[in-house]
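Below are two complexes that have chain A in common, paired first with chain B and then with chain C.
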Partner chain A sequence: GTSKRIKVLTRLTLVVSDPSHCNILRSTSANIRLFDIIAVFPKTEKLFHIACTTLDVDLVCINVTEKLPFYFRRPPVNMAIDRGIYFELLYTPAIKDSTMRRYTVSNALSLMQICKGKNIVISSAAERPLELRGPYDVANLGLLFGLSESEAKAAVSTNCRATILHGETRKSACGIVYTVKKPRKVEEEETTLPAFKKAKTQA
Partner chain B sequence: MVRFKNRYVLCEVVSEDPRCRQCIEDRAVGLAVRDAIGRVHGDYGLACCSISFTVKYLNAYTGTVLLRCRKDSYRLLCSALPFVRQLESRNQRYPCALNTLHVGGTIRTCQKFLIQYNRRQLLRLLQNCTNEEERRCVQKSLLSCSLTEEQSQSGDEEDDGSPE
Partner chain C sequence: MARAEPPAASFERRVLRSAAEYHYLRVRLELPDGVTRPTVAQFKQLVVSALRELHGEVGAALPVDVLTYEEKTVSAILRVISSGLVRLWSALTLLGFYQNRRCAFRVLQTSPFLLALAGNSRDLVLD
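Showing the complex of A and B:
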């Protein structure tokens, strides 16, 4: 049957360990606009607070490879949920190594206790193609992280879609005005045509 | 009615090495899955899941595996499947991954799902066919995909023309 093409998006992850690193996000430089999704990886409690409350990002990455140096508190997490920012958990370190698995599960569970399973996105940090897992399996991993079944399924599907849309609103003026780069992206019917049909209509 | 309820988990073995196909046998897969459950859920999890655990069906050509476990412990099994990293048999190790396709209560539902899934895979293969000869072969197997009840009873779950 028809298989839709895979859309490859670009993403920028900023590892911030100092408040001065965040300045790059405030200045509306042209480089930031090139990326579809912007994620930030805060290393300290203060930066986590800043990221959840004021920074213009789509994802806040949660460290899974070592013990968290700070505890999550409820006010910044609730503010992030209201602003539409999602928390990202990685699962490939858990597959590779058993000490990482312990840190992953404990950090994920402590996050769950504060945010009650809302606004979670599970992604892999795979370096090789064999480290990827199918969506059903990733949703099952969400169960291990303390999510309920419906939340785990949402973490793989609807939350990811919402993150992409959140990234798109940054390109337009709060999602009201869209700038069209290529005519292909405007209509959704065109992207669902299979490749050979598309070639025929364009030829 | 008192009856033991089982869950059948249908998965697919994904690997980059083509030699891994020969290594796919029921004992190797069973050991790999048990090992993963032991690593993730510990001794308790391993004991829970191994009450009625077997590999019911295996197709080395397409890499399809059907596992059975008790209904009470299927969550432990499903959550441990992503942690399977390699298959080992005859002193050969191949890195691989298991991809869960479907969880069903009976073998019949898993079979129906597998037929639909294979039909979709065949359609996708048809698009990528380069040779006219291959194209005709695939089209013939696609057309013979529709089963009647008697045929499906004979355990014919693979309809892509490959011998079992």
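Showing the complex of A and C:
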């Protein structure tokens, strides 16, 4: 049939446990521009706040393999939602181990309470093909995490596409140049001399 | 000359949401090579243990029936009460191991009507 080829994108996940690790994101180094999607995995509350408010990333990964060392607060989460940053949850650890299952669900529920189900992306961290699950199965897992049906479906479809577009816009815009019409002063219109004949210095 | 107005059609629209009692799922268990395929009793036990692992004793008590089972392809049609569909589906999704070997449940079709499981447009071949 006439089907398009699968597009393979590259992604970088930065595990940050120290504010100095974020410097690589601030400088527009050439290495960062090679990746389509940039994700950050904050380990402390301060770094979570920095990631949501100032860092130029597409995804903020939420830890599912251990109990969160910090509680989510509303202001940074709301700022991240306004900036177009998505929160990522993983489901493959839940398949492997029952303790991780508990942590996954509890961390996801506490995130849902704060962000009300917006800007969530569910993805797998699969290392083998048998650890992958179909899209409808993953959307059903979203229902288990406390999302509504439409939010769960969006977590595997529209939100993912929005993340990719966010990554593309991040690569493209570096700065904006805009012109503003300067209002002309009334006295200048009365003189008849053209500009190159006007005295350059004031007498 | 004024045309006669056609008589206004009267109709009533009724929307039934989640009126079906049961939901049917066609599932397939994907196993790695070399693992002996489970019998129907072992399959049912696997489904119940998956429910118990995720949802506890109350989940394991969910009334699930295996309507058909094919040992050759390890695929089955399950019937579950509609309120328990999310729980059963999530339990099947998160099942990772069968006899200490990695496995995966693939839910091929799901429908509130059994007849809908007869045909699958995904099996059609595109040329």
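FYI, the second predicted complex is superposed on the first by the 172 of 203 C-alpha atoms of A that agree within 3 Å, B and C clash if a C-alpha of one lies under 4 Å from a C-alpha of the other, contacts with A are read in each partner's own complex, and residues count from 1 in each chain.
Please note the rule applied: a contact is a pair of C-beta atoms (placed from the backbone, for glycine too) under 8 Å apart; a residue touches a chain by one contact, two chains touch by 3 or more.
On a predicted model such as this, the values are computed, not experimentally measured, just so you know.
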**Prompt:** On chain A, do chain B and chain C fit together or clash when superposed?
**Reply:** clash
**Request:** Classify the contacts of A:L130 with the two partner chains as first (chain B alone), second (chain C alone), both, or neither.
**Result:** both
**Message:** Looking at A:E45, would you say it contacts chain B, chain C, both, or neither? Reply first, second, both or neither.
**Reply:** neither
**Asked** Is A:E168 touching the first partner chain B, the second partner chain C, both, or neither of them?
**Response** neither
**Asked** Is A:I95 in contact with chain B, with chain C, with both, or with neither (first, second, both, neither)?
**Response** both
**Prompt:** Is A:D56 contacted by the first partner chain B, the second partner chain C, both or neither?
**Reply:** neither
**Asked** Which of the two partners, first being chain B and second being chain C, lies in contact with A:L143: first, second, both, or neither?
**Response** both
**Message:** By the touch definition above, which chain A residues appear in both interfaces, chain B in one complex and chain C in the other?
**Reply:** 1, 91, 94-95, 98, 101, 130-134, 136-138, 140-141, 143-144
**Request:** Could you please specify the touching residues of chain A with respect to chain C in the complex?
**Result:** 1, 91, 94-96, 98, 101, 128, 130-134, 136-138, 140-141, 143-144
**Message:** So in the complex, the part of chain C that touches chain A is made up of which residues?
**Reply:** 30, 32, 53-54, 86, 89-90, 92-96, 102-104, 106-107, 110, 126-127
**Asked** Which residues, counting only chain B, touch chain A once they are in their complex?
**Response** 14-16, 39-40, 75, 78-79, 81-83, 85, 95-101, 120, 123-124, 127
**Request:** Spell out the part of chain A that touches chain B in their complex, as residue ranges.
**Result:** 1, 3, 91, 94-95, 98, 101, 129-134, 136-138, 140-141, 143-144, 194, 196
